[in-house]
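Both complexes shown next keep subunit A, but they swap its partner, so subunit B is in the first and subunit C is in the second.
Right after this comes the complex of A and B.
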């Protein structure tokens, strides 16, 4: 599988691609023990900073380091420009779709997406119906997972609820600059350090109408959450308060925070809590993480919640196949980055095909995330395949299937030295008064040989991502 | 015309530091009912808005320590006797009321219950009335046999429940066979039957002609001039008269008194 895949750094003869010549000749000139020392240094530093990730499904409370690979993923200027344009286009369409979904539902009336798929979807939030959000922006922060397979880029997944991972993008860059400062003198690599400033600007730009100098706070579920490090990190970088539900309260249709200087009105809530837990009076009544009455304030237009409630209807895996149609419908354009061909198993014809080819395909749970609940046909045992067959037949609407993509690879340090490993890319798209993308993103790498699962919860690692400036 | 008084009193063993409650105790603005007067008395601060289902909702917040919350609504509502159809489609697409909720998930028994009453794909009024009878037969009305978190499936298994359970069972059965249906909370002029004045029933979607049909499952009949509609939703949790959270307070006791009386409209 590895041999056939496109490598981002090396051509088929093993020589560096044009945009990587400089880096690769540097890398080859480095003594092996120096690189080994640098790798150990990186591990030690990450431990000290506390960049860890709680892994679900292992022993409760297990926290471990996401392995960091010292070989960067390098993207040439022209390629990035193409990607950025495609991502902007996609996020514009997704926001337009969300606005339509929670207002007039023109796309349903036009028959472009089956009504039942959207309205009878657990991710559709009737509570959002009719709410006007500032600028018509719902997905203020979007993490779009992009892969390259057979030479072309594809969007694998949109993450529009509470996308995470941006702290790794920032920390990885800091680490690379610390370990190998000379590399950043050799060539112009687009900087990513300003992401927190851009995020804060973006959040302020979507404050409720008429608010001057808006107060932004970050709502976290607390220290037990797997992404708590990132919550604390971003709040600190942006210079805003990190709060929990119990620090906030609602009065007279406004949201306030308890502070040492008395109640402070909150205009924009950058929440890192799922919809279900945001307001026990509207969603799960057993939630202690949210703020009772928050939905009422939101409906009154007195607070902006970022990302908006109900964005899950746009990144649901069963809705994903229709994103290209959204781009055509709302923008009148053809998608610049393609979707991965997807079979929707609620459709009988798709189901028949997939059940006959399970050993070749990837099957995903519609409501699964983080690489859980997934079948990778070529890597699965006969028993695993039969198990999925039974599950699909019992609840076809819960699954989609895609071809097993030969994800591109990048040279990665493994126990036996430098070897190709499969990678993906999650750039972070910010939507507010305008759409901006920090050049780069989070490159995830599947560290096991031949593995196609890059999720950190499944043993994936990360790399620094370089976008070259011409 | 209905003269209504509804008093809800929460008492707490220890002081509550903060209460936030979501109230749906004001009659919906609908063609089929006209609110002539309506007063709400409650402690604390209050704001009002239309929720996503078109219900009139108040958010009540109390920041000072308290050991009692008394909410009293009263007024006069004119409900002309012009049939059980609700002409307003509502702000949410009917199809969205096909979605099961944690309280209205269907199982094989619930699906079978519905299947026995249907002949075609879109429900008719006769079939919906037959389903109401089947639900009442399977879940006998018995006061005091439920908790608010009871699901349709558990009510059906128990074989008895209150109007809320019967409504949930009806909703689960309808939705499992592709008929959108929603929960209705409101008041009923019940004559001698005092404990059912605060009532729950359902709206089922009639594909032709595209209107909601009010059905009082408990009484196995359509809902009409004796019913005053407060709120609709996907289940009890969307439409509950009071839904609240508090900090502190210890044990809670709840007292509800509802009076619904017919008043001569000639005056």
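Right after this comes the complex of A and C.
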């Protein structure tokens, strides 16, 4: 399957593409044992530094590494410019959509998106209706998953709730510079290390009105969360406090942290906890991770929560097919990066087509994430296909379907040496007073031969991502 | 700073210090085992040590009438209880992990590497193996301290970490002395007869050369005790620890910590101005036991004043 996928580094004759000539000739000149040694060094360093994710229930010190591949993904200048413009456009439209959804809902009244799709959606938060958020920004940090298929870029998924992975972007770059400094001396590779500065600036720029020197804190579920490394890393890089729900409390309609010198007011909360767990008084009452009363403070405008509560309505898979329409509606522009063609199975015509072609398509659960709840038709057994058929017929509104994309590949180290593996890209888009994107992102790679699933929970790895400067 | 963060920093340092202390203690026992002593006498020493650590009951429930070898294993490698070196290194690491966003990366990386590498030591590698492990633990403790002192901002984080260090060290020194005074095989009952045990204690605390410099005379139990309790310049003496503890407590003073500071000052004053003869008039082990209790009270008060999540001013 996908034998002829576009390779990001090599052309169809096996030679390097123009923007990779320099790197590839360097790579070919490196003795195999040197590369093997560098790979082992990378693993040891990641363990030492603790760039790991915790696996629940396992003994301390057995945190796992996300496999790191030492062959970078290289993006030429002009491709990045197109991507950056397209991502900015998309995130602008998504923020406009969120503002509209939680205010006048013009787009529904104009009939551009079916109302029931949104208002009956579990991701829609009525608590947010009519609330003005600073700058009209809801998705302050967006991780947009982009793939290339048949030469063109597509947006596969928008992550607007608590997108993760940016720490790997930063640590992967640090690792590459440590392992292969010479590569960076001889090529102009755009720097990514200022991301935490940009993030902090961005968070400060959306502080409640009138706050002069805002106090920003990062809310984590705690050291047992699989993304804890990233939370600690970002807090440290930004020089802000890393807090857990138990460290915070609400008093007189303001949010405070418990400190050694008494209460400290918090103005901006960069939360890495899902909506459901943020406030046991408003959402899940069994949540021990959140802060009782936080929603009330938020609604009073006394604290900014980033990302805003209720952004899930914009990155829901059932809403995804309508993002191009949002771009047209709010910006009056045509999308610069296309959506992957998507069949919405609540629509009878789409459903009929999909049920007839299940073996060729990818079917996704609307609320699934992390590569779970997915059918990849060409790789599935007859039984799996029949299982999905039954599930679709029973609850069609829970599913969408897409063609099986021939995701582009990149040469990757495997047990048998260098071989092509499928990849995607998650750039991180920051929205505050302005929209910024650090040139690059997290490249994820499906390490199993032929696999299209890049999620780390499903055996995916990562690569450093180079954007070349001209 | 966050109370929870301060709490983790405090415990991180306590566990680092405790691991080092245990390594020194076991090192002393190792050295003793090379002296011409019967196994019974050696075991008496271990029982005194385990008693001073408050771990004798648990140890005996696990091992019954044990031998020195088992005691060594129990305190060095046994991860089924919280009191071994391995468990302390693990606890130090977990606390560091919880504040890795607050401390410099090098501090976390050092503690993480210490724990990861400690797991490679084999508990069945014999005397030389244990000895290598103990030396390594001390070395890693020096390294951790160096990284901490050289990279951390002198802010509250540093002060709370220091409070943990000095409180633990003061406590540890009193326990070491208590064990030596309680050990019928080597201490009180044969005062002045054979001071080898006391010399071994000094060596384990890296204090033998210090002793010679300060006293220029042969090793006696009372002099060793005086050095380790009252000498202001000796880094592991109780006097010195209380002095440093007090300074750090003053630096983090808040609206409810006045009484805690007063008690720390009172205890410090006793060691600064007190006389050894008066202290030992109730019996040295009894006196040391009282000091430990006062240190515990101090630790509880520090917890309540600064560290518990419930504190909201």
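What we mean here is this: the second predicted complex is superposed on the first by the 459 of 470 C-alpha atoms of A that agree within 3 Å, B and C clash if a C-alpha of one lies under 4 Å from a C-alpha of the other, contacts with A are read in each partner's own complex, and residues count from 1 in each chain.
Just so we're on the same page, a contact is a pair of C-beta atoms (placed from the backbone, for glycine too) under 8 Å apart; a residue touches a chain by one contact, two chains touch by 3 or more.
From a predicted model like this one, the values you see are computed outputs, not experimental measurements.
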| item | value |
| --- | --- |
| Side-by-side fit of subunit B and subunit C on subunit A, or clash | fit |
| Which of subunit B and subunit C A:77 touches, first, second, both or neither | neither |
| Subunit B versus subunit C as contact partner of A:259, first or second or both or neither | second |
| Superposition-derived angle with apex at the Cα centre of subunit A and sides reaching subunit B and subunit C, degrees in steps of 10 | 90 |
| Which of subunit B and subunit C A:225 touches, first, second, both or neither | neither |
| Partner chain(s) touched by A:384 [first = subunit B, second = subunit C, both, neither] | neither |
| First, second, both or neither for A:281, with subunit B first and subunit C second | first |
| Which superposed partner A:249 touches (first subunit B, second subunit C, both, neither) | both |
| Contacts of A:88 with subunit B and subunit C, given as first, second, both or neither | neither |
| Distance in angstrom between the closest Cα atoms of subunit C and subunit B, superposition on A | 8 |
| Contact residues common to both interfaces of subunit A (with subunit B and with subunit C) | 249, 251 |
| Partner subunit A, residues of subunit B touching it in the complex | 18, 20-22, 45, 47, 49, 51-53, 57, 59, 61, 63, 91-93, 95-96, 98-99, 234, 237, 243-245 |
| Complex interface listing, subunit C residues touching subunit A | 1-6, 90, 93-94, 97-102, 105, 108-109, 112-113, 115-116, 119, 156, 160, 252, 254-255, 306-307, 309-313 |
| Residue numbers on subunit A that touch subunit B, as the complex places them | 105, 108, 115-116, 119-122, 124, 126-130, 249-253, 280-282, 285, 292-293, 296, 299-300 |
| Residues of subunit A touching subunit C in the complex | 47-50, 60-61, 218, 223, 228, 231-236, 241-244, 246-247, 249, 251, 256-263 |
